[in-house]
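The structure under discussion appears below in the form of structure tokens.
First chain written, first letter: the chains are A, B, C and D, and each begins at residue 1.
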């Protein structure tokens, strides 16, 4: 009966994911763009079964994913099976504040955050998900040091939506005894918050995060590793990103942008071993670029004997297609890890899938190195 | 007394290497651009002691490396200590044929290839090198299947200069009992020729090769690994290189160019697992670019759901500085491997340092993966 | 009743042109990509009426342009009106030699080049074209100094297909008294051959050529003008082109490639005033790129005070769409010029539309300058 | 005795200019990077004679240009003749506010803006300049509608430094009867302010401005012209700039950045004829890039038949060397224009030299077109 999966956020990521997943299941497309796809043995991408999608945008709640995906995915032939997935109302917790979206959370309907939180946990108990994936709009960054803080503040919506959902997942696990995996593909700290990780450990559940390693950042990580291994001294790194979807629009809000900047910048000193001067930020919004953002990167470095070389990278990258492919890989991996008894969080997987891999203090290694480590560990765990 | 080293070829590679090495020894420059530099414990780059440089170009033989490097290295302050290194006459074996260079080999002076070969081995016996590094101008590709073929043809100059030098190194080892490492940084197959590897095994010596992994090829390898790990389907790869030094001039000869093309192309199918359509070749000669070649690369690929993305890389890369940095790393590594008893060839190191890693049949893995493997093995061997 | 137009060559250029033209006429698409489109008053792109298409490829002759365009134009909705245009057999004159195409010319069917030539002129006399556009596969370069040479050799097929077609056009004009414009969008010298120009003058006809200014060459011309006007000293220019259509395949033949190289290289010294070192060539064939070739260009230059700057341009350019847009502009311009009495050739238009503008000796000025000159002259002639 | 010239601003622009000018005069370097250099007949770049440099930065006032240029120009051999040029104290008018520079204006020393203004005019009267060039740090944008406003507010420092200097230049001209040319190479509106232009007309003087067309903006203008002439429909334009000098540091101040954005954006609709979606801004500060900023540009457009193409430009551009080259051209041109009786402002020259050419309402045409117009007019005026 597959991997029961709940998606939080009915935006581009979920839409691309659902369209691709349906096509994959009907063998219309091969499993391209899914890390580990050919190797996974315990559970495979085709086994994913999406049982619910939550959102708070009133133009989405109550509508089916066929009509939503038709607007967000630039493809003909949106699978009609998506008509069966209707978006449910989730928790808002102010997560769309300032973004000019007409949003109503369960807490607005019910009149109390705590009771909305309880209601959401109850809904999960009925849906019995194995995996919950959070792909809501980027919220401002937040860390939770202690489990007490999480327990007290999350149900009041005082930590934002992502942390409310994460804690609800842990509560659902505790309450039902079903071990769940919560995969946070957005910046707020879940796997990076000690308080969250210990809540998941106690609940016998798994949290993976934070912030999906999509776009140009994984490429930058691997380029920096390449430089570092050759002993080159990186003198400067400039990276620009500009795109035309609502992600870029929302990043014109400084707090959200800062959130993204933090998850990207730690890698420079982590990989190179020194903090090379760098400018790495989402830069702007330009509507016609759509989901296929334009990336420009410039790296200048010193090689043997004091000579200077330069590498420039330009790319058109569809972040949403990337994100969807990571989802299709991370969901069966998470389910498999749960079955092998992994609890709390799992750094080895986070380091490959995430821009800011938890737990806190994890070094941000290059993606190729992270992948090789993940291969070795998944083999040991008999997952691939 | 350091690592006694003989360089074959008094061109740009040796010049950049000697200039950088002297500056490194005098602490004028830090050990930038040398893979593993900070980790090597058994022997370090600074321990390299160049005892001879061989060439056959009459404008170089008999001259000192100060005057040669002054022409080839675009830097002020060429170290005056290079005046002490005078270029000796080596074996020609037709290696510069067709290149408009006035060249005279030992065989021309002595009047017999076999006696010239013997003379060269005798000179090595006096020089007592630990490591011999071959960086002569690219010759047409050649493989040697059996040791018998090597023993019979190499001393007659019938296999070209690189294979003559390689066999001379093995003979020197046999004759003197000094284990030597021959590092071939050019395309002709030494570590990739079963006949050569077995000759080195028998001589108790080590051969590393072939064709130094400089320029854009290692970067391409790592980019392809990056794509492969994300499950992307690479649709096409175009890579152009244009430069202004004698390497590019010599590659306008189709046979030499083909030699380079072979060492570059195997990596596509080796890393991706399928032979993505590609065009990867040195493209042209443009004098003002000098050693800092211009590279342009275009990769188009399919990601999850059938969407197409593109990555374009442009770079200015000084091949000679790159090559010199690899030499500064490979020489102490080779000496350390000899001391740990490694004989024949050593795939793990070849895979990192070379474009066409021997022994024959070795898969051309990405450089980051090769480096991680090398790290692990050098640690086990107590070299780093 | 429009501008009666004959197309020579039923390849990508004609296919893109016919598809776009039909859509333009049915107002499905706006007149985008057509130089001067909004300004032309005497005759407009929509007035073009294609009365015949000629080719010698047996897989095309006798078939309709709907089925041909369906293979060559990557678009859905090929206009069904193209079913009415059936490809006629033209002159071969060996133009596809060596290209692995099954080709039969009128001369093969009739058994004599001279009679085939006569037959072709007769067909033109029936078709009564105003404009004939030559877009056949690139032939090796050829110049014709005297009219006598043209008259003697062209009908024997001894000058290749382009010059045979050009002379046939002049003959048709002489014979019928209908002034015709022959627009040669391929490299062989028509407007650049004094012998051809004088034949057209005598026939009261107009020849425009040679080699359509599509792709990256016009952009390079304008970039060089930009540099020149700023007084910069260009140190080197490298330009690579790689594509996946039959043009690039045919250019792997050295003679055809040379033909392209010639038309591109004169612009460097013409625009800069000195022959800056350059490498500008079609570089390779890579099938998945299709008509959208990849271009990489590197320009290094010196600015005030001896500082060095660099500009790198990368592009994906659909040559066929470009070519089709130029056709849609040049045809009404040519018809209008004829009506204003212009005979022989017309340098001002050639300089804008062509890579190698005739008549021989014309300076290859930048495209922006050429366009401004053309604007002024067309205004004087009351064409715009 | 040359063209008596006063420079306002002792920063990078003036330093590069003075270094290059001295080398040009001593024939150490050819007149590279100077528009029109080889054509100018009336006055030439070598005729420029800098009689004073003004600044308000206390680390510069009272020091010689040799010591200042030694810090700002990355070249060996700064001409020692620059020791003779000592920086004088100019008007501050708050122009460096918020920039963490220790600045003292004449008004601070004297205790009154009006008297400082008067004193500055008196100093000009003694210096007798033919040309005054303003290259101070970018101030927030400001326009002056009426001459009355200028006369009232400029001497009070209420319009910022640039407008105070401009009006002082006009006053100097009125007072002495020497016609002066004031060339404003920064954003505040001088030639774009009707009030300023009429003041210059009345004074019998000439104002040229505003904001020097350096960097990537002229290139963008010419690329857009190229697109427009081909009838292409530009879908989006993204342009990023990042550099490491004080210009980029000062642009991290939003008001100053906005000032730059305004001068860059008008060109899109002026050249294309419609406001294509665009993002064109100085983007960030990255110290190691120095004066050689990195530029990345992406243009996507539609060509004939609805096909989409893309052009990407990457560049390393030394703005300061560019600016200095423009100064070396504009100064003799301005002097020649004065001698030919040109008064007020001169749109034809502004359109080539400036990003925001005055007078107000001037269309921002492409640089190549502007240059061709300028050529024609300067020929008519017998200047070239």
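One rule holds in what follows: a contact is a pair of C-beta atoms (placed from the backbone, for glycine too) under 8 Å apart; a residue touches a chain by one contact, two chains touch by 3 or more.
Remember, it's a predicted structure, so these values are computed and weren't measured experimentally.
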item	value
Touching both chain C and chain D (chains)	none
Neighbouring chains shared between chain A and chain B, ordered by label	none
Remotest chain, chain A as reference, centres from CA atoms	C
Distance from chain D to chain B - Cα centre to Cα centre, in angstrom	51
Chain centre separation (chain A, chain D; CA means) in Å	47
Set of chain B residues in contact with two or more other chains	310, 312, 314, 316
Contact graph of the chains (line, ring, star, complete, other)	ring
Touching pairs among all chains present in the structure	A-B, A-D, B-C, C-D
Chain C to chain B touching residues, read off their complex	235-236, 238, 240, 242, 244, 277-279, 281, 283-289, 294, 296, 298, 300, 310, 312, 314, 316
Interface residues, chain A side, partner chain B - complex	16, 19-20, 23, 29-38, 73, 75, 218-219, 222-223, 225-226, 229-233, 292, 302-307, 309-318, 321-322, 324-325, 328-329, 366-369, 371-372
